[in-house]
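Below you'll find the structure, written out as structure tokens, and then a few comments.
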Amino acid sequence: MNSGETHPQAWVSALTETTDVGIRVRGYDLLELIGTVPFTSVVHLLYTGELPTRTAAKLLDALMVASIDHGPGTPSVLTARTAASGGASFQSASAAGLLAMGQFHAAAVEDAMDAIRTVAASTAAGMESGDAAAEVVADRRRDGRRVSGFGHRQHTERDPRAGRLFSMARELGVGGAHIDATLALEIAVAKSVGRPLPINIDAVYAAILAEIGFPAELANAVFIASRMTGVMAHVAEELGTMPPMRRIDPVAHRYGGPPARTVPTGGSE
Amino acid sequence: MNSGETHPQAWVSALTETTDVGIRVRGYDLLELIGTVPFTSVVHLLYTGELPTRTAAKLLDALMVASIDHGPGTPSVLTARTAASGGASFQSASAAGLLAMGQFHAAAVEDAMDAIRTVAASTAAGMESGDAAAEVVADRRRDGRRVSGFGHRQHTERDPRAGRLFSMARELGVGGAHIDATLALEIAVAKSVGRPLPINIDAVYAAILAEIGFPAELANAVFIASRMTGVMAHVAEELGTMPPMRRIDPVAHRYGGPPARTVPTGGSE
Amino acid sequence: MNSGETHPQAWVSALTETTDVGIRVRGYDLLELIGTVPFTSVVHLLYTGELPTRTAAKLLDALMVASIDHGPGTPSVLTARTAASGGASFQSASAAGLLAMGQFHAAAVEDAMDAIRTVAASTAAGMESGDAAAEVVADRRRDGRRVSGFGHRQHTERDPRAGRLFSMARELGVGGAHIDATLALEIAVAKSVGRPLPINIDAVYAAILAEIGFPAELANAVFIASRMTGVMAHVAEELGTMPPMRRIDPVAHRYGGPPARTVPTGGSE
Amino acid sequence: MNSGETHPQAWVSALTETTDVGIRVRGYDLLELIGTVPFTSVVHLLYTGELPTRTAAKLLDALMVASIDHGPGTPSVLTARTAASGGASFQSASAAGLLAMGQFHAAAVEDAMDAIRTVAASTAAGMESGDAAAEVVADRRRDGRRVSGFGHRQHTERDPRAGRLFSMARELGVGGAHIDATLALEIAVAKSVGRPLPINIDAVYAAILAEIGFPAELANAVFIASRMTGVMAHVAEELGTMPPMRRIDPVAHRYGGPPARTVPTGGSE
């Protein structure tokens, strides 16, 4: 032992048990989960401790699809591609992209969720939702903080993903209190800053995850897990098709993939 | 301009198109994909350019479930937890975990796939699979390289995930040439090193991804995407439940989550 | 252009000018600096905009020596070694080590400096230093925050580096107000928590850097620059002398280098 | 214990010994080194096991000055700034910058040193240096590899730092065999590719470090240690003076710091 320190005690994790003969995730045999439960539902299991309801499973999967990629102009993709172009390995460039996910981009869901849950709780206690939202915005303003999840550099109208996901949630019969709180916050934020700052993907995530009772401290993780699959696609494209040490313009890029097409009936089959 | 350099030209990406009003992934409207195509099938779309067949979709989803977590003792989890314990943020600790995924752990699928495809090609050309596998092992040995995907510190018998996934693939009617090549390689590797080095999760990934025609340069990305969801669960657990600056023993840890239980009939519902 | 965005304007950096024929750091020709000004003084130039005085140069160099390494048991070294052992490249493992430097370890100088400067300012305005320190500790306690720079897992007596650096600073004739403020804070912290939490390397850094008028926002950078040289020594040792995928015990390690010896008279000559 | 694994044995590091009362680096008491031995000489001690000679100390310090920063357009700085702009913390953005240092940029010294040492060894054995260099270039070409350390995007004439450092080394009386080998390689590379690819900072590092007998496996570490101080200056500037989520043009930037000035006589005093 160095310096006379005593040895640490065994420590406990509640996630996954591995033995010589098997693996159990939150108590379920991994071999039983494989082929039976979809990947995003196993993410739910790992993150919350329980398998999702049918509604939660559909919404979580839909969210992860919604945020998978936002093209080459995001900070995480530009960071990852610049690193790859300088000679970083696949994993290094991908990790650089993950590091670019901060408070302004890709890691703002937890903060938005906190604001949304506060509004929803006040409304549940009898307060009018507009008043509750205005109070949250004013409280944060006093502390010099903004509410995450509103406004986007490119989608100056409401993010196209918001309407689709909110409709889907309502069709699946969620309570709706957190979606309503999010819409109230959108109005309160606009009043506070004097111009519309529409709901962006962070607030959409926050609203839907709140509807399905997801823990706030793992909300950013879901977004990051989804977006990292996109970042890695960009890293592979950069390493596979671009010359090294190129100057990567953050704006002057264009799409050059397959032309617009329609999802075949029956989904991915 | 600094130093008289001319401005870079617009560059092209074939992945995702974003405009003020919409987002298209490989030509498909993201709003159509949401709620219709499962997340792991959209990963297939983003990585290969096409939606998967029904068989490929099932196998890709099953693979991502199989590798989601392997408990607290993997290098990536220990790296991420140690960073988190030292004061790293959620993203920083997660990125540190990603950086630990290298040739010995979590990023060996591409290399295994290369060996498997070589054996399968030789077999298709009429060679006996045992001879083809022995040749690949010998060729690599001459260059001082081993074949990735065989042997595991803990699962000294065959990895429990291998049998489940190979059975599932055969039930779904895949050709099987790459699974056969992998089994032949397992025998050839054992002969070469003089003791059994059973198929591990990297070789399982490589075999199944080869069966569904997946590009090798994105094979590691699928594994990493899956495993990063697990790493983030550990980071959240470390930050949420453990004291900072603790000594993290790499071996003396135990499972303390829900007891063994059975997946409800009908999967996650 | 994607999405009709206009091109960004040229942006300005005040650090280094590079042209086809030369490089200037903060206005000085790099070729003139090479061989004339020591490395740590060029760090001072780059970080503050000016070359250091003789006293500042000596103290900055001494600080960077003091923090260069703290053996194998720090979170940054354990993180970096664990990543390297899992297969990370030299740079990836080093970056993982950097990510482990957070609020509890290696990135607490700025915060300590803020507390020290507050105490020194109150004292300069006529307040008794003990009262000023007690006030800072109480203010932070009210906000649920502690003062960084006090207490150490291993050096439960005062960090041996503190006395050496404070003596050196006084011999070089610095004002001493920030060292005094740091000593006053050590007493106030002990009173507040009810047991001694001696000055650690973070507070030493903060005190000395405050004495030489260093900008707080670059104080952590100096520590990190110094410690990263140490982390990289550990990564090289791990990659060069250890088997891959080993279990790295955080406590059961011992020193096995050259035996205790004395610096030759005349320093490094 | 998880899974019946036995506990790892104590492991050994030859770098730094820490006890409750002191710290020794490679056997020297850190308190003795502080204020006596310059930082870059302690880096030499940590990396090689011994304090440098006077000549080695001067050259190592000069190298670390030479590579401290190359302005805003390097991949590492652009990666770090893009990450910072997206919301990364100081350490995260700096780590992202480190990840961008790969084979094309900032981590090519070891490879150049290998080529230089081969040429110098052949020359020492009686071969003509031009022939020895041509052979190394040809050998690598056969394997599809280039010799690192030659050519630069911006300095299309010889890097201004090369002449200064080579002159300094000769004035200090180094043997010169590795500098000669580097000059021979420059000619051989130009002949092989059909156009001049002048010595860049990587080859300068490699030549000088070979002259002072530095271990190749830590050569990149010296460069990275130096350049990381520069990257952190850029991260601090980005976080302190720039708006978040800005579009960072990789070319359209200009210097806006102090005007050209001369180092005062007597160095940094």
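For clarity, chains are labelled A, B, C and D in written order, and residue numbers in each chain start from 1.
By definition in this document, a residue touches a chain if its C-beta (ideal position, glycine included) is under 8 Å from a C-beta of that chain, and two chains touch if they have at least 3 such contacts.
No experiment lies behind these values; they were computed from the predicted model shown.
Among the remaining chains, those touching chain A as well as chain B are C, D.
With centres computed as the average of Cα coordinates, no chain lies farther from chain B than C. Of the two chain pairs examined here, A-C and B-C, it is B-C that is joined by more C-beta pairs in contact.
Computed from the mean C-alpha positions, the centre of chain A lies at a distance of 35 Å from the centre of chain C. In terms of their C-alpha centroids, the spacing between chain C and chain D amounts to 21 Å. One inter-chain figure worth recording: chain B and chain C are separated by 39 Å, centre to centre, where each centre is the mean of the chain's CA atoms. Counting partner chains per residue, chain C has residues 1-3, 5, 7-8, 10, 18, 20, 71-73, 88-89, 91-92, 95-96, 99, 101-102, 107, 154, 247-255 touching two or more of them. Chain contacts here are complete: no pair of chains fails to touch.
Per the touch definition, chain D reaches chain C in the complex via residues 5, 7-18, 20-47, 49, 51-54, 57-58, 61-62, 64-66, 68-73, 90-92, 94-96, 98-99, 101-102, 107, 154-157, 160-161, 164-165, 168, 217-218, 220-221, 224-226, 228-230, 232-237, 239-240, 242, 246-249, 252-264, 267-269. Within the complex formed with chain A, the chain D residues making contact are 1-4, 10, 18-20, 74-76, 78-79, 82-83, 85-89, 92-93, 95-96, 99-107, 153, 244-245, 247-251.
Taken together, the chain A residues at the contact with chain C in this complex read 1-3, 5-8, 71-73, 88-89, 91-92, 95, 99, 154, 250-255.
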